[in-house]
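Next, two complexes with chain A in common: one pairs it with chain B, the other with chain C.
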Partner chain A sequence: MRPARFELHRPTSLREALALKAEHGDAAAFHAGGTELLVALKARVLQYDHLIDIKQIPELRSIRAKDDGTLVIGALSTHHAIANDPLVRKLLPGYAELSEQVANIRVRVAGTIGGVLCFAEPHADAPTLLCALDARLRLAGADGERIVASREFHLGEFTTARRDDELLVSIEVPPQLSGSRAAYRCFGQTERPAVGVAAVWSPAGSQRLSLWAGAISGVPTRLAQAEAAASRLPQAVSADEVWQRLEPAVTADASQLEAHDDLHGGAEYKRHLVTVLAQRAIEACLK
Partner chain B sequence: MSTEAHEYPLMRVEMTLNEQAASVEIEPRDLLIDVLRDRLRLKGTKRSCDVQVCGACTVLVDGMPVSSCTTLCADVHGRSVTTIEGLAAGGKLDPVQRAFIAHGALQCGFCTPGMILAVKSLLAQHPDPSDETIRHYLRGNICRCTGYVKIIEAIQDLARNPSRYASETK
Partner chain C sequence: MNFRIDAQLPATAAQLWAIFFDVQRIAGLIPGCENVTEVEPLKEYSALMKQRIGPFKLEVPTRIVVESSTLERNVALRATGRDKFTGTSIDVQLKVDLDSQAGPAAKDCKLALDAQMQVAGRLASLGYPVVKKRSEELFAEFEKRLRNELVQFDAAPAPQAAGPAPSAPAAGRATAPAAGAAGPQPGVKAPSQGSRSRTTLLWPRTGVSVAAGLLVALAAWAFGQSPWWWLVAPVLGVAAGIGRENA
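Let's look at the complex of A and B:
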């Protein structure tokens, strides 16, 4: 079914896009890849008089590294672009790998990282890893820009810290410690993950492990007991020993996660998946 | 949310459609699949799931596969669109179509236009794809008849023996 009628605007600058949003307020929504928005508009779950197509704004599209090694990913970057970007593949191969596994090729070609973050459907892949990486999100509004930590961005299902008149400009991933590795593993029987787990492992430093579970709850959630157990590991622990020592803590974290029986699986099954996927993600980091 | 008595201007979309210039006046809400099928009478593009999962409505935009059911026609303004009709222009089948026929890689045929366009894009990016690459690239193109084995065999044979399927005119 076609969406209800709307007027389409095509601003070519961030300022123009924000001005259009200020002018039309609640009657307007930003439109990028459409992989989430158009499905909702077609089902008439959402309806707007104005769509503001932000795809003509070049500054939202670039992927670059700052001098300090921070990776800056424009919000309009598609999953396909991220998966194939030489900088992402070099600096964050685990994120490139995740992006190559999102849904299917058509969704990866059209769907943008900004759209996934702002639509905040919990059954998504990238938000979980971006939380584990402690990414920062740059938002632009009429009053200027502000930075929100990815770990504070997700407030609930379909709800984020982005104000309705703000536009997500870029995702900034801080430089990773030397030798650290990131990996994401997920499972689901639909195109969306039932559960995804992201791990960032650092061979040195005070925090050895950053471990987050996504899709199972409304927002990505830190597996804090596992992280604490990892920081107590001896420096020279073997890869085989790591999981043996962490498993009880991961299982304890998983048992406390908010989960519901739904079409993605039963709550207990999904908690079990958290443990299985945590093991796979951590072992992928240690390989 | 929606307010009353708003005017919704029409838009003109200019695209390259199957290597020919095309111009069509649309409503901003018009989906690419509806414009292709109902306005431009290109019925080879199939609607099935309508939510970007099945791949039946796949067309190529600038050479990459998209779900025409969930793409605004307005979003292809200035771009190049290829539908299944564009592959056999001039009445000569494309090598991918020839390979599918030779290997019996279709039964009911409903998924076939989208599948063949996805394969065109796959082979453009991966001229000699591994079994794993083929399976991964086509994960979002669902076929309920063939069991996929013959589709994969057709692609592998075409990649390894392109001269076997070369079109007379291409």
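Let's look at the complex of A and C:
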């Protein structure tokens, strides 16, 4: 099916893009990679008279590190670019690994991290790991810029804290503690994950484990009991022992997750997957 | 998707009936339900149902039909419609049962509201959990608004025969019982004992009955019967026109 007719705008600066959005209001939408938006337009579940193509805005594309070690990823960065960026591979190899496995090669080359976050389809990979990494999202609007924590960005299925007239500029991942490692493990029968679990293990930090489950519910969800159990682990615990001690807490967290039976699997099956994938993610961090 | 509200309310069935048989009033309690208009009195209505899930918008021109009703006992409504752009259709069946229950000191009414909702089409392909969650949010908001509407029966004095109680809830007296409550809640005062209907001459029944009485009297006179028919037949006609009217 072909999408309904629309007018395509191609601004070359952030200011121009925001002005276009202010001018056309609800009749316009920002368009980046198009892997979500164009599919919805073709399926005729969305209709806009104006599309504002932001791919020509260079400041949304860069990946760089700040002086304090914060990794800044432009919202227009594709999964493929993130997976192959030397800086991401060095600072966040777990995120590079995730980006290498998103959907299929066509989606990875065209799809952007900004699009994934803003479209807020629950069955996505990156939001879960960005929550575990405690990333911050920089949004620009007519009133200026503001920062929203990734953990507070997703409000529900297809709903985020981004106002309709705001544009996601970049994702900022704070510097990770020395020796910390991140890993993401997911499973699904389709190209979208039925369940994904992200773990960040910091041997020296006050919070040793950041553990989040995604895709199973409308928004990424913290596995708080497991995190608390990890904080109580003795410093000298061996890698083999870690999972044995954390498993009851992870299982308890998983049993409380909001889950539904759907095409991705039954609710109980998906809760079981959370435990399995948490074990794999934690063990990957401890390798 | 099925939804249900059960409540024991300190109101008469007539008071609740005034709300539930007023389709425009009940439709106004549904979030996103706009432009409710009467197509056929007490039978068919039209409305525009607007909903939004993230960027996805739904505008469904909806036809609401009163499928059946029994005075102060039950009413069944059906709302159907289809969004022209997304091809998404909705079908809602709403049944309301009112059961008057006279207690030792008060008269309560048991309310049972059943709703069945079906959503089909392209937007439903967002996934059952998404649609179900949105529907649950809608129904929870509807229930909240309905309970606010029903608070008047606790706070306001009993309505008189002239019409239903005012719709504005009294401030600070939100004591409508929770769903599934088995009895009146603490703080709920004795319900009103106001009359539910009044006796009156119903039109056109009175006119037809009196005319029939006059015809009977004329026929009796023509056939040489007793002249008392001139008095008895019209009086019987007037008596036949007496009926009960909702307060």
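Operating definition for what follows: the second predicted complex is superposed on the first by the 287 of 287 C-alpha atoms of A that agree within 3 Å, B and C clash if a C-alpha of one lies under 4 Å from a C-alpha of the other, contacts with A are read in each partner's own complex, and residues count from 1 in each chain.
Quick note on the criterion: a contact is a pair of C-beta atoms (placed from the backbone, for glycine too) under 8 Å apart; a residue touches a chain by one contact, two chains touch by 3 or more.
Just so we're clear, the structure is a prediction, and the values are computed from it rather than from any experiment.
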Room on chain A for both chain B and chain C (clash or fit): fit
Contacts of A:27 with chain B and chain C, given as first, second, both or neither: first
Which superposed partner A:191 touches (first chain B, second chain C, both, neither): first
Chain B versus chain C as contact partner of A:177, first or second or both or neither: neither
Which superposed partner A:47 touches (first chain B, second chain C, both, neither): both
First, second, both or neither for A:6, with chain B first and chain C second: first
Which superposed partner A:218 touches (first chain B, second chain C, both, neither): second
Chain B versus chain C as contact partner of A:55, first or second or both or neither: first
Partner chain(s) touched by A:107 [first = chain B, second = chain C, both, neither]: first
Contacts of A:38 with chain B and chain C, given as first, second, both or neither: first
Contact breadth on chain A, by residue count: chain C or chain B: B
Three-chain overlay, closest Cα atoms of chain B and chain C, distance in Å: 8
Intersection of the chain A residues that touch chain B with those that touch chain C: 47
Touch list for chain C against partner chain A, complex: 53-56, 85-87, 122-123, 125-130, 132-133
Chain A to chain C touching residues, read off their complex: 29, 40, 43-47, 119-120, 122, 156-160, 218, 260-263
For the chain A and chain B complex, residues of the former touching the latter: 1-8, 26-27, 31, 34-35, 38-39, 41-42, 47-49, 51, 53, 55, 80, 100, 103-107, 109-110, 191
Residues of chain B defined as touching chain A within the complex: 1-3, 6-9, 11, 27-31, 34, 50-53, 55, 58, 64-67, 70-72, 74-75, 118, 121, 136-137, 139-141
